[in-house]
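Shared between the two complexes below is chain A, which has chain B as its partner in the first and chain C in the second.
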Partner chain A sequence: MIFRPARFLAAAALFAPLLAFGQKNGCIDCHSQLDGDLKAPVAAFEADIHREFGLSCRDCHGGNPDTDDIALAKDKSFKGAPAKAKIPLFCGGCHADPAAMRTYNPALRTDQLSQYETSRHGKLLKAGDTKVAVCTDCHGVHGILSARMPKSTTFPWNIPQTCGRCHADKGLMEGYRIPTDQLDEYMASVHAKALFEKKDLSAPVCNDCHGNHGAFPPAVSSVASVCRQCHAAAGELFGKSLHKKAFDDMGVGECDACHGNHKILPPSTAMIGTADGAVCIQCHDEGSRGFKMAADLRRTLDGFTSGYSEVEGLLSLARRKGVEVGDAEFSLQDVHTTLVSAENLTHGLDEAEIAKTVAEGEKALLGVRTAALGAVKEGRFRRQGLAVTTAILALFAVALALKVRRMGRTRRDEAGPGVPGPPSS
Partner chain B sequence: MKRRSAIDLFLGGSLIATVAAFLYPVVRYLLPPKRPIISQDTVVAAKTGELAPNSAKVFRFGTAPGILVNTPDGKLVALSAVCTHLTCTVRFEAETETLYCPCHNGRFDLGGNVLSGPPPRPLETFAVAVSGPDIVVSRRR
Partner chain C sequence: MAQGVGRTIWEFLDERFLITELLGFAKKKTVPEHGRSFWYFFGGICLFLTGLQVATGGLLLLYYTPQVDAAHESIQFIMGGVKFGWLIRSVHSWTANILIAMLFVHMFSTFFLKAYRKPRELTWVTGFLLLVLFMAFGFSGYLLPWNELSYFATRVGTDIAGSLPLIGPWLKTVILGGPEVGQATLSRFYWFHVALLPVVALAIVAIHVLLVQTLGMSKPIGERGKREIPFFPDFIYKDALGWTLILVLVGVLCVFLPWEVGTKADPLASTPIGIKPEWYFTFMFSTLKIIPAHILSLEGEKLAILGFMVGGLLWLLVPFLDRRAGRGQRSPLFTWVGLALAAYIVVMTVLTYTVPKL
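And now, the complex of A and B:
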């Protein structure tokens, strides 16, 4: 066998990373033999994202993992577990260092620490309150997963529970004078419905409105800006409406005054008007201009909505009867767009604009209604046609039987007497 | 009228009516549909040359609207025109070369991706092919 040094070196270079797996890690060796909290990090770290990037215990805690001697392992570089108040700086040692983070993930932001310092949590921590959330309260400790992993505590559909773990805890929140029903309220909201029922990951969770590392309750003046991140059209209309100045003068949040904050229910025309449950009567007393306008708006929208529902029902009926109503359904789609647009226009309170849009929609709806009635009529015609056809077929059978009988008699009559007829059964 | 004539009339009439009742649905079936649908998954959305550059046309795909866009550089793209927020029909905005929803201003690029607003998902995109004088749009498999 011929020894080839070049091949040997290439093979050694190839297998070097594999050999590294067999390297000693005194931290793991020792902690895996301990119990409880001292053992837990060993198993948890197996799934940790830091481990995936090749980091080990020493990279965060310092020390010397190459020895079994505890005294030698806890050398000058050993940091141990940081005090809670020091955790943000501990994590920020790498996460706030663009040069360090570039090595692992150049796209990862490095402003988490500076944002945290501006947050309510960060400010209270700086003031000496160690009950507030630090990095590990939201991200976990040794089993930290990428926020893109569904099991991560910071994956969208886990965030309400992550925040709620503290914010729904009355005992923990005592002293901060903030409510603890935010989680329950959020879970009843249209946003939670979109997130949990429709699995819509773009639906807002706590951090989308409050921020994540810089979490802070939005001020009244900024609530509208927060909502406008998604609901820009409604915000733009509201900005031009009479309500804008009135709400500003009263110091009322633009969107939350009518829609609420955490428990934002699916909007409907029932919110408009003067009946129980309508939000308009929160401010507008009976007899006022606003009260009358609310009633008028509701009437206008209800007329359009009920007309739309009627046509939708007619088309559904025709479809169930087997009539092809694709063209009418296609036209109804346009009316649906107009209806939703008209509902959204209520944010602008422009009565003329709403009336114009509703009139256009009702005109288009009339054409669809005619087609829908025609389709229902066609369905009825087919059903009646089937009944008539069945009756005709029955009559035809009777006539045929009579004809056969008559032909038999005629043949016997023509053959004369004595000719036997067909054998009777 | 004699009894025999009555039976013959009765028989002939019901025979004609039976044939008519049979032929009516056959004729209705054989007559071509008003719209040029090839199958549930394919439709003739427009004729070639029908769309000027940087313009669009909403067409019927099944019972829902689709939108065919001729981009400024002459590329044809087709997408579902049903907004993924509250199912309104999206429109093409030539200035920005984007699709927007008039209901809540959701905005999509011509790849169907959400650019802004409340839509939770991208628009479905369709395959476009030119077949003779027709622009044929199909669902992707």
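And now, the complex of A and C:
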């Protein structure tokens, strides 16, 4: 066999990347042959984001992966698995180092550790409580995924469960004297509905109100600021209302006093007024000015909402009758926007402004109502038209059938008994 | 005086259009009557439905706008803003679907009665071409409302055409008028639907009807009875009875289930789950879905498309392949093949709608 250097070099160049890919990693070689917890990191690390950036066991745990000898592998640089209390600093070794992070992802923030240290979790950890959450409790250990990945424990629709793993655990939370119903309450909220039913990833989850690395329960004074991150218009109206000063004086959180915190239900006009379920009567006694105003507001809004529901029903009826009501439905959406706007204006308690908006909405609703009534009438007309047409056509069909039958008899008579043949014409 | 003018006009027209001779032909023309003559009426029903298609399609042209930013709105306007627009469009859409169903029934009844045998080979060939043309009408017309379902079904359909061996990519570009379903596609489909296909289809319909009239109706093999009825008025009356019943059915469907406008197509949206073409394409669509990715190292999908093309060609040539029927003898092999094909089409179509994850 003749040695051909050119071919050898070409083959070497071709297979070099494969050789590099298949480089020895003693940690993985050994751990993959172990069982249970010692083997688990090998499989989990396959999908880990750190692996994607070319990091390996040694980059976090130190040691020498180039050898099969355990004693040699655990050299001076070997750190092993850090104690739980040390994990924030362990991860922060890179994640709090802008120079180190710049190498992999310059856009990633590096304040997680400093934020963690200000969090309730961080403070308790510093005080020696190792039951509190550290980095790995939320992000996982060897199968850490980017928060943008839907399977990540920190992807929006997984966060309630991630936090709930500890915060819904009665045994774990017992010592902290904090409730454990937050997860259940959140899952019943309008926010969870938006997130899980409408798949709206912008809907808030735990960390959007409490912070993530710097997680802390918002103080009464800051609840409004938290809600205003999304509900700016309602917040602005409330800030100008009579309630603002009254709530501040009472030391009551602005939004949660009426809407609650974790179990924030879809807002409705039922919250306003003096009937059961209305939040106004929590503070306003019968006979007071506030009580009267609550009743007036409810009346004004009820008139609008009942009119809206009636038109909605008419359009639905027309649609069921097969009448095209796309344009009217589109106009009704505008009316709905006005209705929401009027409901939102209740945060400002400006009765005149609310009445003006409701009047505008009712005017627009009138136009849609006319269209809806016309559509229902059209549906009725179509059915009546069909009945008349079908009757005429049925009569025509019966006449034709009789004629055909008579002609058949005549032809048979003309052909004579038992003599099939062409008709005489 | 009036009678004299009428007579003059009649003579003028008769001299030019040979009306007396045509009436004479119609009076002499007879249709065989036997136990299976019921199937003859499906041809007349197809012709009647074609007439409705032309009439309602022509009226829809008054308001339809073939532009991506106006097509859907114009359909919405037809359904909601134009007096009886909902009826015209619903009749057009429903009769289009009933027509395809009737064409299948007519084709298979003709097949099982072996009516394609000599000398009616060309009646069969033109009939099959009409089925293909009407399916093309359906495919091109489906996109015109520019709604979500039609948009994505067209994308799926043209992707299948694009996977044809050799000519696929070229064919897809020709159909779409570009790499994606867009304005060029809508313009082309509109042109196909209202200009090219009607001209070709009406010409073939004329040939088909002419052949039926000149060659007469075929009697099934083995039918010994000589009983016949006059085409006019006996057969026409029976035909009219069928048309009237179809008209009642269409009326009920249009009032209780007017054809939907759907959501306007959004080319940037992701393809809705479970998107499928019009029902008459689903037996082919589902075949492509269930066929293995590779058969004997050949791509399954391409093989299936080739299979459909070869199968269609063989089906077209049935009158020339079925020699026994040509000699007036029974041909059970062809009957069994036809039964298998009909069963396959029905089963695959039903499965498409009953097994969503097929």
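Methods note: the second predicted complex is superposed on the first by the 329 of 425 C-alpha atoms of A that agree within 3 Å, B and C clash if a C-alpha of one lies under 4 Å from a C-alpha of the other, contacts with A are read in each partner's own complex, and residues count from 1 in each chain.
The working rule: a residue touches a chain if its C-beta (ideal position, glycine included) is under 8 Å from a C-beta of that chain, and two chains touch if they have at least 3 such contacts.
These numbers were taken from a predicted model, which means no experiment stands behind them.
By the touch criterion defined above, A:202 lies against chain B but remains apart from chain C after alignment on the C-alpha atoms of chain A.
Once the two complexes are laid over each other on the shared chain, residue contacts for A:396 go to chain B and to chain C alike.
Contacts of A:407 after superposition on the shared chain: chain C is touched, whereas chain B is not. Judged by the touch definition given at the top, the superposed model places A:383 against chain C, while chain B stays out of reach.
In the superposition on chain A, A:322 makes contact with chain C only, while chain B stays out of contact range.
By the touch criterion defined above, A:149 lies against neither chain B nor chain C after alignment on the C-alpha atoms of chain A. With both structures placed on the common chain, the touch criterion links A:232 to chain B but leaves chain C unconnected.
Common to the chain B and chain C interfaces on chain A are residues 325-327, 385, 389, 393, 396, 400, 403. Looking at the complex, you find that chain B touches chain A at residues 4, 7-8, 10-11, 14-15, 17-18, 21, 24, 34-35, 60, 62-65, 82, 86-89, 102-105, 114, 116-118, 120-121. Those residues of chain C lying in contact with chain A across their complex are 27-28, 30, 76, 79-81, 86, 225-230, 233-234, 237-238, 240-241, 244-245, 247-248, 251-252, 255-258, 261.
For chain A in complex with chain B, the touching residues are 194, 198, 200-203, 230-234, 236, 325-327, 329-330, 333-334, 336-337, 340-341, 344, 385, 388-389, 392-393, 395-396, 399-400, 402-403, 406.
Of all the residues in chain A, the ones that touch chain C in their complex are 322-327, 382-383, 385-386, 389-390, 393-394, 396-397, 400-401, 403-404, 407-408, 411, 415, 420-423, 425.
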